[in-house]
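This report concerns only the one structure given below.
Each chain gets a letter, A, B, C, D, E, F, G, H, I and J, in the order it is written, and its residues are counted from 1.
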Amino acid sequence: MLYHVRMNVDLPRDLPESEVAEILQREKAYSQDLQQKGKWRHIWRIAGQYANISIFDVDDNDELHRLLCGLPLFKFMDIEVMPLLRHPSAVRDDDS
Amino acid sequence: MLYHVRMNVDLPRDLPESEVAEILQREKAYSQDLQQKGKWRHIWRIAGQYANISIFDVDDNDELHRLLCGLPLFKFMDIEVMPLLRHPSAVRDDDS
Amino acid sequence: MLYHVRMNVDLPRDLPESEVAEILQREKAYSQDLQQKGKWRHIWRIAGQYANISIFDVDDNDELHRLLCGLPLFKFMDIEVMPLLRHPSAVRDDDS
Amino acid sequence: MLYHVRMNVDLPRDLPESEVAEILQREKAYSQDLQQKGKWRHIWRIAGQYANISIFDVDDNDELHRLLCGLPLFKFMDIEVMPLLRHPSAVRDDDS
Amino acid sequence: MLYHVRMNVDLPRDLPESEVAEILQREKAYSQDLQQKGKWRHIWRIAGQYANISIFDVDDNDELHRLLCGLPLFKFMDIEVMPLLRHPSAVRDDDS
Amino acid sequence: MLYHVRMNVDLPRDLPESEVAEILQREKAYSQDLQQKGKWRHIWRIAGQYANISIFDVDDNDELHRLLCGLPLFKFMDIEVMPLLRHPSAVRDDDS
Amino acid sequence: MLYHVRMNVDLPRDLPESEVAEILQREKAYSQDLQQKGKWRHIWRIAGQYANISIFDVDDNDELHRLLCGLPLFKFMDIEVMPLLRHPSAVRDDDS
Amino acid sequence: MLYHVRMNVDLPRDLPESEVAEILQREKAYSQDLQQKGKWRHIWRIAGQYANISIFDVDDNDELHRLLCGLPLFKFMDIEVMPLLRHPSAVRDDDS
Amino acid sequence: MLYHVRMNVDLPRDLPESEVAEILQREKAYSQDLQQKGKWRHIWRIAGQYANISIFDVDDNDELHRLLCGLPLFKFMDIEVMPLLRHPSAVRDDDS
Amino acid sequence: MLYHVRMNVDLPRDLPESEVAEILQREKAYSQDLQQKGKWRHIWRIAGQYANISIFDVDDNDELHRLLCGLPLFKFMDIEVMPLLRHPSAVRDDDS
């Protein structure tokens, strides 16, 4: 089941650089692991912003929430979720 | 080059049903043709809304505008565009 | 799976009264049928507004969208959807 | 009498972890006690957010305010209240 | 029990003047009757606007909704409701 | 002359408790003094919020501003003012 | 007593040109009469908009409302009012 | 040439009182000097707010910006500018 | 003197096609004439929208307003104006 | 390819003056270098604000993002991007 997720990141200025680096490294590993498992279907950067648009493909609302809460950057993010479904005009098999 | 496009449709109530049907049929053909050509990369319906989230993959801003203006539903839509790019954590080859 | 749905109704003033009555009667039957089937878990009126707050319990985003689009009042409504899940502090068995 | 309450939690980053843990434990006990007494009728988590949707069933505006102000997380919350009532199409006895 | 109600009136321009006059006359009678019964505690005009701020004193959310829906101008109004309660610093006996 | 005033209070978390207590005590005395003088006609708490709705009855804009600026909580408040006047349907003598 | 008033004009497209001309002529006479009486202290056009910023100098909220309601364009306007007072740094005698 | 300027002041709570007093004194002198030179045509306080509405009469956009940036309170202000011009109904010679 | 102008066009659906064509032709001539005179410095289309971003270079607010009001599409536009000035980092001679 | 970029700068008050000066010097050099290379086509200050409107002419969304992220002030900015294209009424060769 698909969800549209927008994540806006806002890192506090007083976070030590080493801590930021460590969080970002964990965030990347976490994201890539979920992408490889097919749970985090797409991720794109929004031009000019520290933000991304993602498509998640999960079993249900619970799994979506669990995955989002597990994000190393979770507490520095503002997250908006919209449930998606296959569009009647879609032609790609994997757009549903 | 990728763009995130949200289309909200608002059909006037006084449009004759036959005209609506004809426009929607043209819209579907137009969309599927662009999807097959790879220009309209993804399209999803937003749950509970007469709206979609789409990803376009076009040469430049000009082509994006030309394709959107050509939509049979264009004058009944409110459209928002955000330029996207490959996210540094992306693993899928086709997310850029 | 649970969803929070807010429906704001805006009936056009030029709709004939008999048509309004007929739509509202179908809407009520449609809603009560889904409530009896357990799909439309709760529905409350918001004080002072022609609007309701509903909780749907459906299989997935697709079913939610199909049920909402089938509402006789659908084209006169503005609908907002939020996916819900069981709260870790919930005690009622049926709040999930 | 029913009220729709949305609570958005925003914990300050400089709150010591032990203090957070203690507040959350008290919050859970407080919420479950009110749920068991039937005052806090429903509570659901909103997917992807540190926020909940709740339905309170209290005697009047005063009791609602007193219960909300007593929340251990009260000063870290942004709260929105909407008075609800039984919907004319409702079928469940306990939706009023 | 007290509620703060803001009513914004927007009369359609194509309503015949005689119909407007008749609605306004019924609105005034309806309002004054409820004021005399103590249900509609206060009403003030907002300077420069076709809008009012009112305080209702009713038994519960249901009664509030029933009274507001009965307003002859109801379908031409946008209404916002906020539940109120006695302020701990209030000195007037009738501010609760 | 009447004014509708909404006051939202936001106490900084790092204010010492004793200072908060002292400010709130002065605020209460200040408010009750103005209420007894008839300048601060009504005050109600908004359910679920650290906010109030007040009606002031003062000589002019100057006096209103002077009284609001004198509030011990003034610098911790966000204040919105709307000028009011007697509504043509009002029946209470003191609603003007 | 001074008030800041912003008036946004929105003339319906189906108003006959002769009616528009007649209303605008009456509006101008009405405005200039109040300016000459000192009630409508200032009026400026906002560049690029069918809107004006005005300063009224009237006895009280009642008079302000009466004057605004009397505007020939009143029903085609969206009006916002802010009460003003002399600024402690003002040097002009007539800025209060 | 005229500009409508709204200035909202937000002094940080941790600014030492003596520094605040010194800034406010410089702000007042700066404002009165520009008023006497005819550059800062009007200034009014908005009731209930630490904000003012001002009318500037300057040579061009450059001069306006230079004067605003020179305000001792500039970095504690949120400023909104609207270009104005003589209204066709204006009667005062100095409203342009 | 420079101004940033955003124009959003909203053509009513019931405007006869021949009238639309005639207005658009006049709009284009009007715009190109002002561009050639150097008054309308730049104009760009916003991708996906019936809207443009323009830079005007005019003598003063009056001339800007006169030129905008003269637009054949003026009554079908929503216009936003921001006064600009040379940026201290600008290197192009004609960016001021 | 053209983009409209608005940059709002918000320098934290506790940044040492020498650090601010050093960042601003690097920002200016960075901007002027990109202007001379033709990547940063235009830059204007918005009157009364610590903000600018810029036009970028870059190869694609990626290059735009890379250039914006490289801004020495990037982490103190709020940036909004809109893709632009040549307007059908444009006459200047370099407005595309």
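Here, a residue touches a chain if its C-beta (ideal position, glycine included) is under 8 Å from a C-beta of that chain, and two chains touch if they have at least 3 such contacts.
Just so you know, these numbers come straight off a predicted model, no measurement behind them.
The chains in contact with chain B and with chain D alike are A, C. The chains touching chain E as well as chain F are D, G.
Set against the Cα centre of chain B, the chain with the most distant centre is F.
Counting C-beta pairs in contact across H-J and across G-H gives the higher total for G-H.
Chain E has its Cα centroid 28 Å from the Cα centroid of chain C. Chain C and chain F have Cα centroids lying 40 Å from one another. Taking each chain's centre as the mean of its C-alpha atoms, chain F lies 46 Å from chain I.
With centres defined as mean CA coordinates, chain G is found 45 Å away from chain C.
Looking at chain F, one finds that residues 2-3, 45, 47-48, 61, 64-65, 81-86 touch two or more other chains. All chain pairs that touch, listed by label, are A-B, A-C, A-D, A-J, B-C, B-I, B-J, C-D, C-E, D-E, D-F, E-F, E-G, F-G, F-H, G-H, G-I, H-I, H-J, I-J. By the touch criterion stated above, chain D contacts chain C in their complex at residues 2, 4, 27-28, 31-32, 35-36, 42-48, 52-53, 55, 82-92, 95.
The touching residues of chain D, when paired with chain A in their complex, are 13, 45, 47-49.
Chain I contributes residues 3, 5, 12, 61, 64-65, 68, 75, 79-81 to its touches with chain G in the complex. Within the complex formed with chain E, the residues of chain D that make contact are 1-3, 60-62, 64-65, 81-86.
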